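Pasting the structures here.
First chain A sits with chain B, and in the next complex the same chain sits with chain C.
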Partner chain A sequence: MKYLYFPGCSLKSTGKPYEESILSVFRALDVDIEELKDWNCCGATAYMAVDELKSFSLCARNMALAVKQHGEGNGEPVQLVAPCSACYSLLLKSQHYMEENPEVSRVVKTALKEVGLESEGLSQKVRIRHPLDVLANDIGIERIKDQVKKPLTGLKVVPYYGCLLVRPYATFDDPYNPTSMDRLIRALGAEPVDWALKTRCCGGTLSGTIQGVGLRLSYLLLKEASRKGGELLLTACPLCQFDLECFQGGMNNRFQHNVQMPVAYFSQLIGKAFNLSDREVGAQRLFIPMKLEAAAP
Partner chain B sequence: MMDAGRHPRIKLMTCSEVVAVSGYMGNYRATIRTKPRYIREDLCVGCLQCIDACVFKKPRFPDEFNMGLGLRKPVYLPFPQATPQVPLIDPENCLQLKTGKCKQGCAEKCERKAVDFEQKEKIQEVQVGTIIVATGFKTVDPHKVPYYGYGKYPNVYTALEAERLVSASGPTEGEVILRDGRKPETVGIIHCVGSRDEKTNRWCSRVCCMYSLKLAHLIREHSGAKIYNFYIDMRTPGKGYEEFYNKLLEEGVQFIRGRVAEVTDWAVKPGEEGKLILRVEDTMIGQVRRIPVDMVVLSTGLESQPDAAKVSALFGLSRSADGFFAEAHPKLRPVETNTDGVFLAGCAQGPRDVPDAVAHAGAAASMAIALLNKGEVTIAPTTAKVVREKCVGCGDCLPVCPYTAISRVEGKAEVNAALCKGCGTCVATCPSGAIEGLHFTDEQLVAQIEGVLT
Partner chain C sequence: METRDRTPDQLVDLGENVHRLIKYEGELDQGFAAEVARLAHGEKFYTCIQCGTCSATCPVSHYMDFTPRRIIAMVRAGFREEVLRSFTIWLCASCYSCTADCPREIKITDVMYALKQIAIKEGIYPKRFPIPVMAQEFYKIVKKKGRNNEGKLMMNLALKTNPFSLLRYAKVGLKLFRTGRVTLREESIRNHGEIQTLLGAVDRAREAAK
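Right after this comes the complex of A and B.
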């Protein structure tokens, strides 16, 4: 299957290692993936809070571009991969709103007409996918297992899905107890840590606005992850990764505690298990080096 | 139950199910399939020596009656008061039935020679005048509420499991011992699991408040644990029920008004290690609380049996929106159904507690007997009638009749007046105009219309 890839702002900036590792892993698995041309902001956070209709129009433009780039195909919907949880969730949300709310679809239609794009049937013509979904369900755990060259035996890895990935619109995993990343971790030879905070908020943009609250939310996650014996925490969202990794010093100061846990993208760990180089998975960009060997028992 | 089993006028058929029903009020024929029990009821005296003599020296299969908390042998008595007091053999686990290679200790020991491995499934037909459907209920599968961690955390129990733990004849002889061998110091009972909930079932299951109170009382009495009840509203209507609730309040059982958000093992403070943490909004104080407990009991609600659709088709019953069998009238005819001669008893019709179920069953029994004793029944005269000369025998009317009142006799349709409710569907369907609704014939209707118009 062919995939189109929508990076969104994060994957070109703070989430650079996410982009590098996703593309490397897809390449290693022989998956055809191509970047969406002339994409724009997904409309998350600021846009959404100020003017929801504008954010839907932004999403719709990306989808319309995807349909255009995909061409007729064989009538199959275009598979648009959005690695950032916010992009992923907002693209899905736009599809739902356009389907269910005539006012939204009217505004979107007018906006797209202005730039000469077709807005008809975007919800059917585009399938929004998260790379975790693609890896676990399209490519399959078995094919990933076959590619593992350096199994991460015994490494205790904490799967963290974040708040937006599996709810409210995603259908590829259980919203209460998602397991796709757990299965991937096991396929790499590592041991997924079962914990209760898989889908709890990381603090999101609060780490920049109301830092006390944001840091506390991130800190609770890291504390619980290390209490459960985790040695490496995996995320599937650039903002989660940023929040959980970059503010660890600040958390330790504020909460008089010493948590230090490497926080990587799930695709980086897959890449390392495939024996890709550090550069290929963007490992050198992490502040806390990724841990790949289990602690001695 | 034992009385019913012993009564000379009651024929109890266990391990049996009704597979087909035909006929009508006062004249039903039911086909009944009886599964083999592999022990002959006519010979067995219930000495239970076969159980001791089984080649499995120790019980090793999950005991269904104890919700899998205890173990049983392949030959077993389902529960101590089982009626009849005749054990049965589980063909899935019995060595003889599974492999054909067993010493057959049970058969050897049985002086009455009641063990019979050759028993086969039996199909029989019985003639009955009336039918009472009392197929009961099912408790909600707690996996449907994943945020309460059932199946994930071993110390989360369903109420039925907790009930077996506090029972003197249960697997622990009434001692409250958790799956990890500890005795609980604190217990949280969560009400309305799979009840009054938009995501699962919307109705109140009616019995959970009271059984939760009973469990709170018994667990506290048996283990001395501190008990928390998490409720939306306490619903304790019934004789002596509110008094029991007050008694528990005085006993020091804690009641927190709020629906629990989640059960996790997310320990934050030192003393919470190894405990289950309940997060709940205490709506009385307007605060979100975290309450660590050793044991969680989920008070699961009641819903209809998974095969209710099959049973409703079998007896021509309708079902209400909640899936339970529908009564003929919610207030005035609570035990009758729309099929004459078929009555409902107990939770098959809707959630109810023991006294209510007994009363409901009593009403169903007396209505059934009254109908039988009449000998003759009065029916409404507004039935459909086939004009044989006009009927061409096309059979279009047969499938449309909701009461299966029409049959083909000598190539032509015939309406059974005892079954017909006069709904008129067949009258409208008949392409030859051969069926008329008595008292609502075309002539009568046209005359009425003319009368109105002139």
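Right after this comes the complex of A and C.
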């Protein structure tokens, strides 16, 4: 199957290692993936707070571009891969409301027409996918297992899914107790840590606005992850990764507690288990080096 | 976070630190609930049973001046000013826990978004309060370039709210710069004008319906 890749703004800056590792892992698995040309921002939570119809129209433009780039195909929908949870969730939300609400659909269609884009049936012609979904369900755990050259035996890895990846519009995993990442971790030879905060919010943009609140939410996650014996925490969203990794210094000052938890993208760990180089998975861009060997018992 | 000061004659002390804000029917905004319901895609929020699941599941409710459950009750009753001036609507980090858990299937996150939209449109929020400022700075950057630049966004936000916060972020910013995770080069789509045309068309299409 062929995939189109929608990076979103974060994967071109703070989430650069996410982009590098996703593309490298797909390449290692021989999966055809190509970037969506001339994509625009999904609108994130900010557009939703200012103007919802504009937010939907921004998402719809990306979908219309995807349909155009995909061409007729063989009548199959285009598979649009959005690695950022906010992009992923917003694209799904736009599809949902374009179907549910005739007023939304009318406004979006009119707006797309003015920029010369086709808007018919975007919700059917485009399938929004998260790379975690693609890896766990399309490519499959077995094929990933076969590629593992350096098993991460015994490493205690904490799967953190965050909020928007599993709710409210996603359907590829359980919204309360998702397991796709757990299964991937096991396929790499590592040991997934079972914990209750898998889908609890990391604080999102609050880390940049109301730090007292944002850092506290992230801190709770890290503290619980280390209490459970986690040696490395995995995320599937650039904002979660940024919040949980980059502000650890700030958290340690604020809460007088030394958490030193490496936080990487799930795709980076897969890449390392495939024996890809640090550069291929963007490991050199992390603030805290990734941990790949289990602590001695 | 401090609870905002309220006019004393409207605050009724019920003893044991329980205060309730009372209003006569004539002081309430009777059309508020319908306005919010329309923006938040749902008549369902009239069916709220005030069970409090949303407040219990919300990871930031203990920082809010009114919990989500109370916000719903206040919107329905027509406490327009109080709701729009609350910190609650801005503290909502949009994680959709409440929406996923609500037994009445009320889209509470969308209710919060609807309230943010009204507050921004009417300019009702504390000056220099970073969250609505960030939303608007983000809006402007994307409108101009079609894509966001995270470094520029943080810079603009700090300059418009609290320039000293730049110091607080300096260390992280520098590290991001060194690891190539933030750049000054602005990403943009091929034809800048296209996003402005698209967004303008949304405004026109919306007006045409009225």
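Here is the rule we go by: the second predicted complex is superposed on the first by the 297 of 297 C-alpha atoms of A that agree within 3 Å, B and C clash if a C-alpha of one lies under 4 Å from a C-alpha of the other, contacts with A are read in each partner's own complex, and residues count from 1 in each chain.
Here is the rule we go by: a residue touches a chain if its C-beta (ideal position, glycine included) is under 8 Å from a C-beta of that chain, and two chains touch if they have at least 3 such contacts.
This is a predicted model, so every value here is computed, not measured.
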I want to verify the contact counts: of chain B and chain C, which reaches more residues of chain A? C
Based on the superposed arrangement, let me know which partner A:A296 touches: chain B (first), chain C (second), both, or neither? neither
Under the stated touch criterion, which partner chain does A:I210 make contact with: chain B (first), chain C (second), both, or neither? second
Using the touch definition from the top, say if A:C201 reaches chain B (first), chain C (second), both or neither. second
On the A-aligned overlay, A:D51 touches which partner chain: chain B = first, chain C = second, or both, or neither? second
Check whether A:R227 is in contact with chain B, with chain C, with both or with neither, and answer first, second, both or neither. first
Which holds for A:D174: it touches chain B only (first), chain C only (second), both, or neither? first
Contact footprint of chain C on chain A as seen in their complex: 9-10, 12-17, 38-41, 43-54, 57-58, 61, 89, 97, 100-101, 103, 106-108, 110-115, 163-164, 167-168, 175, 200-201, 203-206, 208-211, 213, 217, 246-247, 249-250, 284-287
Spell out the part of chain A that touches chain B in their complex, as residue ranges. 174, 176-177, 194-197, 220, 223-224, 227
Contact set on chain C toward chain A in their complex: 39, 41, 59-60, 63, 91, 93-97, 99-100, 109, 113, 116-117, 120, 130-132, 134-136, 138-139, 142, 146-151, 154, 157, 168-169, 171-172, 175-176, 179-183, 187, 189-190, 194-195, 197-202, 204-206, 209
What residues of chain B sit close enough to touch chain A in their complex? 146-147, 152, 262, 264-268
